[in-house]
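Chain IDs A, B, C and D follow the sequence of writing; residue 1 opens each chain.
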């Protein structure tokens, strides 16, 4: 057993971080959030594809990178840290199943129906070409990928300014070819891990931001981080982060149902609560649109509702006892 | 301990109810939230209606033109107006609740004559220039400086979190008049005309996407010395009088509104099936207890204020204020977090009112003294724990 | 409206506090907790009766004090503060219904069955002469008070050393005369308020104890109360206390279902959580048997399970929305 | 990232399992919790069995007579022994996990020869004399003083929270040898024989009603200077070596045990109907996530320790230790609070094992560094936030 990152994994992660700092740093994020950039950054998507984000787990003989879920989790953590917009998880999962997904020419989003619901929230529908459906009703675990053109959908005024959302009815996306050889349940577990990894990245970024602010912002004659109340908020943020990290990385390694559910539940919580604590540490400045912290909170709110969400996760983890 | 109204209180309540049911249907339609001049006109119109009916400045002292009402009567007024869906105090907030009472308490006869009647009659709007970007929770660290030049102060600095700055006539302004004095000692309180040269207002966008607040930039603004209320360098004390004027009634309307929202949440949950989720249902039950208790705590604090007034005190709620704010801020956030679970996917739609409320509720543990500051106040001033560390 | 205590109410409360400080101060509490005193302090019970604790709300012409539920709540708050043992609430409620209860010669305890349960935990069964049952199954609200002699009961090793507990089966106490004119539902509401008042008293005492400790215990060169972490724990204790106080006093005044449920829910929580925070403030010393804080926690655990308990309260408060 | 065992690790695990399944059935019955001499004999017997099988001091360096195992092997050892229901380390705790490793790291060759083999062979019991009534969380404030008198120190003071004091042969003792030096500088580490004249042990009753701990009163106890490990006044550093020796494995057995309890809770809840309460059921699900993650965090911390060792470091978990303890202490309390709701009325019965565990869990946020102290450590040493205030 050696749970540590290998040197290769560390290099891979650092590479993605460097790429994103250059290509989707603070300015990029603000453009996406403020609506001053294009509604869909196709060149960025292409660059992410070229960096192997989608083809990462395809065999090299199929043009992929031949790596595994742990490496994917590390890259998605970086994407979450930078708040990269777009249906990253669905496109990554569709690589090898839907032509063009691996290369970034076909943008794939997911319609995830919560248990017993006939309506799904779909992210980035206008930019997407195909809709991934991971159905499990008959226990057979079919995977479909209908085209998005002509899908009737009601737009929301999305709380996350960089993630357009639409309500889609199950009947509207009932068609589409069954993708042979794809295991819906495995893909769902992987989706949960990769979504959790994004939340983990965001939770890590908000710890850093809070600590940075606390070290430099002075109030009452000293940095606010010198006050125990602020210090202890930051410490609890780190505890949430590191606990979620262990859960997410383990789930990426084992891929078991209970590790994956644990990862999603704890990473969702870490992302939301760390963003809120980060806002609290920032005081009034955190409440402004210009501060990035609200973007982390809003993305975390969006991702925590990507199925499986809290209730489903807790019930599953209870049933597993 | 008595929670039933006296004959006088009941008569006041019934008279107010009658007036509200007659008056509210005749009001003009509410203006768009982005229409600042429209909002100003609407809010001032409502204030004028209150004035004409004898309800203006109910809690102000009678010798300042107010109603001289008891804290209990003020509580009844706030409760009934919120229940009836009357307009909010809106643009009149600072004039009625901060600047006005300050001038009433600390102003000269001349200053009271000049500034108080237009507030009560709904003619002039005030805004507040206390907070600064670099000061934050540490209000006394304010840097805006005022240099005496003849019969005027020349004021330069930046204020933040100013509501209604776009449409205000006056700004109650805290400035540093003695940079060498200890932090709390060199501050003065000025009434600044918002149309003075050198005043620039820039809307400040919050995380909710709205521009409720503004930054106010002051570049060598000349404010007459005659506009200073209280002695030079005594502005901190003058301000504390203002800030503590509320006598336990600060959140009456909000608590009434939260209880209404809670009822609507239950109705929505019953309609959309989320009521069957026992975890959510019991959270709603828990919130019912929370807001029932917050309502009782409001009544308790008002009772304490009333007792303090009767004993010749100031009616300042003391312990009650910070205790209430701590509990309420968190309860309000929990209320709208729970609303998100009732809404389901709608929680991600800012077109839903509760989603917008959820966003704005995030400021409650920060604005007007963070929860951390409030806990310090409770621990040090109420419980007598030592300062420092 | 004047929610403040009247001078008479303040005097009444102060009188009870003085009585208990003299008659059941720290030494009395420790005797009860350490088992070094008699298992049942009959003289104390008699003195409480003489002070009017049980007859408080009986009309003066029936030998009572002629006061109301608010006054009773104030006295029960003091009893809770001092952790007076015994079935105080049941005996108080039985005054005027069960001969001797008002005078303290008949000790009455209660068998409170949670919704749908056939077993009740009964406190102080060996010392009690009668068992109050407040039945509501048929909606008629009958009140019975069978004798305790011969009731088959299983003893627990009670977590609260001053409160012996037995499990009693509903069938074992099915008999007993119906007490005419008694309204079971009203008595239940009153029981909830008075139990809540005891919890309130305990929650107040643990705030004081924590603050006292924090002001005097030195660590790292200053009183521990100078550290924000400790300060903020104490502040939150006070917030819980004062919120519960407003709820309990209001319930005592109005007696409505939702005020009473609110009072019990918040006072239970205040008592348990304040005791735990008080223990945390005390550090290792709070973990010893000699410190009183565990007695507050254990009593709070016992009283929070006196029906109506959390689940029932939350469901009722939800149903009332 | 790899969570599967290497061939060597798997072989170790299987060998251990085989030995445990053969050995455990042959153990004598467990002694009564109040029978201290019986417990001593039982625990030493188990240690002797481990020694004979080559498992004694697995994580000790080989040159100290230990197994020189990697942190991962140690984790496997703790996991498997707990899973198999093997005896706890019990009376051997201080010898194996604190005093022994300290002597191994800092003792002279003579000291190592004298004290280490009896620990490994299960012949001598150690206890710990660090905490004092007045020192609490501020361990360095200790007051027990040691005055040099010829070839001995004369020690006077009071120690508290000492386990197994009644049956210990030795006490690892921290004393103040230079009262004038700065707090951390005037402390020395001594091995004190518990049968020395002037040593009095008094059982300390905890809120759980048990007497797991004792106070140890020292009245002019003579301890040979030769029993000092490390230099005079260097005891703080010597002690820190001890305290940080655990390499992420400190709570392995407890986490394994908590996961077992969680499974039993679910079985009990299904049997007694409380499973139908969705609030309780989902809390159990939440706890499943919590302890799954704590197990993964343990593996993560052990991996970090292993990496640090491989890089020539000490294998001290650093960040991991405090982060883990913070999360685990609260999770353990939540586990037994939830158990109380599964038990219902049984939660008030100390005859129920989980009720007793609930009481003892209250110490977890206090003992070995309160949660407040741990948050300070994380904030200052890991996140680099400034000291003070």
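As a working rule, a contact is a pair of C-beta atoms (placed from the backbone, for glycine too) under 8 Å apart; a residue touches a chain by one contact, two chains touch by 3 or more.
Note that the structure is a prediction, hence the values are computed from the model and not measured.
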Exercise. Chains shared as neighbours by subunit C and subunit D?
Worked result: A, B
Exercise. Is the number of contacting C-beta pairs greater for B-C or for A-C?
Worked result: B-C
Seminar exercise, completed: Of all chains, the one whose CA centroid lies most distant from that of subunit A is C
Exercise. In whole angstrom, how far does the Cα centroid of subunit A sit from the Cα centroid of subunit B?
Worked result: 39
Exercise. How far is the middle of subunit B from the middle of subunit D, if each middle is the mean of its Cα atoms, in Å?
Worked result: 54
Seminar exercise, completed: subunit A and subunit C have mean C-alpha positions lying a whole-number Å distance apart equal to 50
Problem set entry | Contacts with two or more other chains, residues of subunit B listed in rising order | 277, 279, 282, 372, 375-376, 388-389
Problem set entry | Numbers and ranges of subunit A residues touching at least 2 other chains | 227-230, 232, 311
Problem set entry | Pairwise touch network: line, ring, star, complete, or other | complete
For this session: Please name which positions on subunit D make contact with subunit C in the complex.
Result: 131, 133, 136-138, 141, 160-161, 204-207, 209, 277, 279, 340, 345-351, 355, 359, 362-363, 365-367, 370-372, 375-376, 389
Problem set entry | subunit A residues within the subunit C interface of the complex | 227-229, 232
Seminar exercise, completed: As the complex stands, subunit D meets subunit B at residues 277-279, 282, 388-389
Problem set entry | subunit B residues touching subunit C - in the complex, by the definition given at the top | 1-6, 9, 72, 262-263, 265-266, 281-282, 284-286, 288-290, 292-294, 296-297, 299-300, 302-304, 306-307, 319-320, 323, 326-327, 372, 374-376, 378-380, 382-389
Problem set entry | Residue ranges of subunit C in contact with subunit D within the complex | 119, 121, 156-161, 165, 167, 217, 219-220, 227-230, 276, 279-280, 283-291, 293-294, 297, 301-302, 305, 311
